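Per-chain residue numbering starts at 1, and chain names A, B, C, D and E are given in the order in which the chains are listed.
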């Protein structure tokens, strides 16, 4: 499949003139961005440029922080998620998130995966069993943990924990996966596994991934957006960004002049 | 001045067969390294490979951690710093350290700089004044703060704080500066200032700098050492490492295959 | 250029000229360092010495009781009639346990809900009000609690019990309020100190806030909450004056929650002043104090076990 | 019931709890202060108590409350801070440290009545101090001690590790780092902790009845540490239980209100400078 | 200079005696100074406090610290030296035989059975009172009142008043364990005042208008009734010192025994003079 192919499948997310303020701090400036279905979009930029902040606007995780003001529109599947009538809980079910540091709950592996289905009302053991197995398999973790499903998830290695978190997310069947530096706390081998996983998942999901590692962005993403000081400097196909960026600042960054 | 020039000035630090254990965890394996006077040596490697640990053996900051066992020799200016008779306090005066996150004391800017001289017995106001001014000037911070010396240092920006920490260090007149990712918490402009500062300082000091940013290592250092899983994989002139590394792992790392 | 080189050589020379000065200063600092270290260790040891002398002292005095009273009588008999040399302390033990449990049970819902509210729900300005408010509860002297118990709660309860309002119930109400801030603030800390990523993970899966609190946060904070409960229990067990004022103070098994009875602390205050040092009666009071002490120590051990378990996890 | 309704109900429930806690406190305060404030007059606050006739004051008790508090802190602060510093900074993870830590926790869990007995026998009887300000404050110091140790330890631990590292990396001795950086940085939380200790000490009665006595010196102020030292809270206990003055009830109400005001004032008095220091330390941020 | 330092205290001590005499010509004896602590019987406390007030007014350098705690406490404190004076409504028991206590009988303290105001019983016989306090009678209707539960209010075991009730009213029988126990006489009065259907016992100085004293065997408390032996509820109040009283303690005891105090103040305080029964 080529990039062109996928563009035809249509726009999944459309961000218009998004501004975000942490109190006085204007953290995102007039962001315009659209993201296609079944692609991987990478967000890159130096520390503090607003990548995480932007990512978290997409499933309204920033709502949790006090003193955040947001204006502009984010339209996912044709619906403005900042519309007052939007149900945040179902939005988050649809737009799932994987975090920088693996964050399994202090419960068994099974309960971690079953957590999402359970809170959404699934109680039957048989159904849960099936969901757990399927999700773990999708996350390429089933073989490693199938004999210890009732053991605490905190006993897994960092890389396994991260894949567990991905499996946990898949269990609620989201459409969009947001990943905030999902491999930055992992060793090279775990990193590789997670990267491979993203390649498999993009057939079913739309993935937006924040990364510090430019090689990673180049390896796995279809589109790359470069942020600097809260501004979206440039957004384009990944090979374009990494070979012939149109903005000087992008070039400076990817060639390591700063960051 | 070229690198060759400086080698003639002699070896400042000599590390022989250094091993370090955090309890059971063997964190440094048989490190051998020598560092020349008035050069900048960069330590690079993926997260958790032992860069910070190694750096902290050089001024015995690891002594503070429980259950650390160290064997092997570190010889600075001909003296083995792990000799039982070594006075740790004067060693640390001589081998100063700048940390990843700027850590000014919660006192005025003046008191921060004067802290070191004071604990070493200087009480005269005139002398202190002079040291404060000189150190701030050396750290390229004097002009920015000279009118607010009595204000809290915590009111400075991150980059200013980091230069303040460098100034504070210079005030105790060390020989060797250890810097553990001194710019990783800073914005690009502050980073640039600190980088420029290192170039000035290397005329008087021997500098060892840990960095995650390979471009930074390439830009500022004379020698680069690559660590992986507690092993010193390769150590050589910086241009050599970044152009024709002798070890495959080094090459994989600097080309972004992992990390 | 030259001035800079001059300065450098100057300072080097100076250092060479007065090496002893720097050394003397450094030596002095090293000595101070050693002295202070000894002082700190000494203080720490002193704390141990104090607790052990208290245990030894109270224990030594209390155990003498057994030369006149058998342990089985002391711990299991319900007959406390010192004038007839009957020293059955079971009613006191029983009432102590009952009162402690009841006050924790009454306190827990409010304290826990308050902790969750303050840690996760209240906007920061509400928290700014609530935090000092709960601290103030701690600042109210126990005599004042007792006074309120005596003048408000006892008469109120009396209306429902043929005019008799003393007993475990008013004491438990008072204690529940007194220990609420302890349980609340420790639980709040426990909930607040949970890594924010647990909450994020749950919310990002589409859980509501309540589901997150109930299914993730409270279970994860359980060790801390348990610690708070145990410390609250410790406070309830040790409280004296407030309980004394409302519990009725009869040396008998409570027939109901509104029936005059005595707990260990109040048994000790009631008679300690007027029994002669060295008499069996007096020794029995020390033995009760020892029992109190041992219960408190036991609670500490439980806390440590809980803490260790949660560390292992 | 959908999960969203449950969530809404839970939210209402939690807000209600917060409200109940505030109302409960407000009720206590209104009740104590409402009953007591009308009793407070200059004469009541500074006057000598009258033993038989109505109209006495609580001046000496008020003085003793502070005097005993001051002395008990004088005894317990150096040791408490010392042990706290040890635990926060020097203590290695070994059996000795565990032992000290268990001791502190054990001491913290000792019911105050047990301290009272211990102080009574040790200070009042064996050391022959009789019921006295000294005996009372020495015993009270034992009560304060473990809390101070904890407060110090927690305050020091909450100081960022980076200060400690920065100081040592500049070649300071440990003591220099503690004295010049850690203790000053820990001062605000240390002071808050000490306020809590003081509040508790001001309200303590079980201990003092047995060690400081229930009567006051005829002089005001009497700094003699060997004179009897009834405090405001023991006076409250005494007045409500055995006094025969006709206005005992009013004295009790007034004392309760005064006691509460004192604790409040104490909190404010220490909170304000501690906020100021905090502000100064953090550079106004 | 060294010498003078050592002498100073001695000088002032010598000089102290005549000085007050000069300034206050009214004082005949050399000024007494010191602190006297008196603890014990809460029954006697009003008297000790009143005496202390007066005595301190007359002696500017004496502090008297009167506290209660119960008779047992008083005896114990004086025996182990914690107090200078220990007061008690009952004689020191055999355990104090060899402690060298010296007895001073200072007053007669009548006490009364008190009930809360809602109790419509005005008089109790000795038998009725005994049955109530031993727990045989638990309802006011059994002693001629309305149908209401009786709540008995006690003093703790160390109380002299309790011992007297046990001895005079119960004839040595044990109290019921039911009911409320209050630390001191004042607290008993308060509790009875606010608890419906309650009965207690306090010394007459503690009587007030929130409670009602009942007649005992048909006799109400009065000085004459006691003198004539018709009202048996009273205790002999003792003040013990360890060894013969000295200094301020002695002066204070002397003041209490003085004709002035015994003749006037004692009865004003609702006690009776120490020599009432000897006459």
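Everything that follows uses one rule, which is that contacts are C-beta pairs under 8 Å (C-beta built on N, C-alpha and C of every residue); 3 or more make two chains touch, one makes a residue touch a chain.
The chain lineup, named per UniProt: A, B = Phosphate ABC transporter ATP-binding protein; C = Phosphate transport system permease protein; D = Phosphate transport system permease protein PstA.
As the structure is a prediction and not an experimental result, all values here were calculated from the model.
Peer 1: Name the chain pair with more contacting C-beta pairs, choosing from D-E and A-D.
Peer 2: More contacting C-beta pairs are found at D-E.
Peer 1: Using mean C-alpha positions as chain centres, tell me how far chain A is from chain C in Å, no decimals.
Peer 2: Here chain A and chain C have centroids separated by 46 Å.
Peer 1: Give, as an integer number of Å, the spacing between the C-alpha centres of chain D and chain B.
Peer 2: From the centre of chain B to the centre of chain D is 47 Å.
Peer 1: At what distance in angstrom does the C-alpha mean of chain D lie from that of chain C?
Peer 2: The mean C-alpha positions of chain C and chain D differ by 14 Å.
Peer 1: Starting from the mean Cα coordinates of chain B and chain E, work out the distance between those two points in Å.
Peer 2: Taking the mean C-alpha position of each chain, the two centres sit 81 Å apart.
Peer 1: Quick one: which residues in chain B touch 2 or more of the other chains?
Peer 2: Within chain B, residues 89-90, 119-120 contact more than one other chain.
Peer 1: Which residue numbers or ranges of chain D touch two or more of the other chains?
Peer 2: In chain D, residues 3-4, 125, 173, 176, 240 touch at least two other chains, as defined above.
Peer 1: If a residue has to touch 2 or more other chains to count, which residues of chain E qualify?
Peer 2: 69, 80, 182-183
Peer 1: Which pairs of chains touch each other?
Peer 2: A-B, A-C, A-D, B-C, B-D, C-D, C-E, D-E
Peer 1: Write out the stretch or stretches of chain A touching chain D in their complex.
Peer 2: Those in contact with chain D are residues 87, 89, 119-121.
Peer 1: Flag every residue of chain C that touches chain E in the complex, lowest number first.
Peer 2: Of all residues in chain C, those touching chain E are 81-84, 155, 158, 162-166, 244, 248-252, 260, 270-271, 273-277, 279.
Peer 1: Flag every residue of chain C that touches chain B in the complex, lowest number first.
Peer 2: 11, 21-22, 25-26, 29-30
Peer 1: Within their complex, state which residues of chain B touch chain D.
Peer 2: Listed in rising order, the residues of chain B that touch chain D are 59, 61, 64, 66-67, 89-94, 96-97, 99, 101, 103-107, 115-116, 118-120, 151-156, 165, 168-169, 172.
Peer 1: Flag every residue of chain B that touches chain A in the complex, lowest number first.
Peer 2: Touch residues, chain B against chain A: 46-48, 184-185, 187-188, 191-192, 213-216, 218, 255-259.
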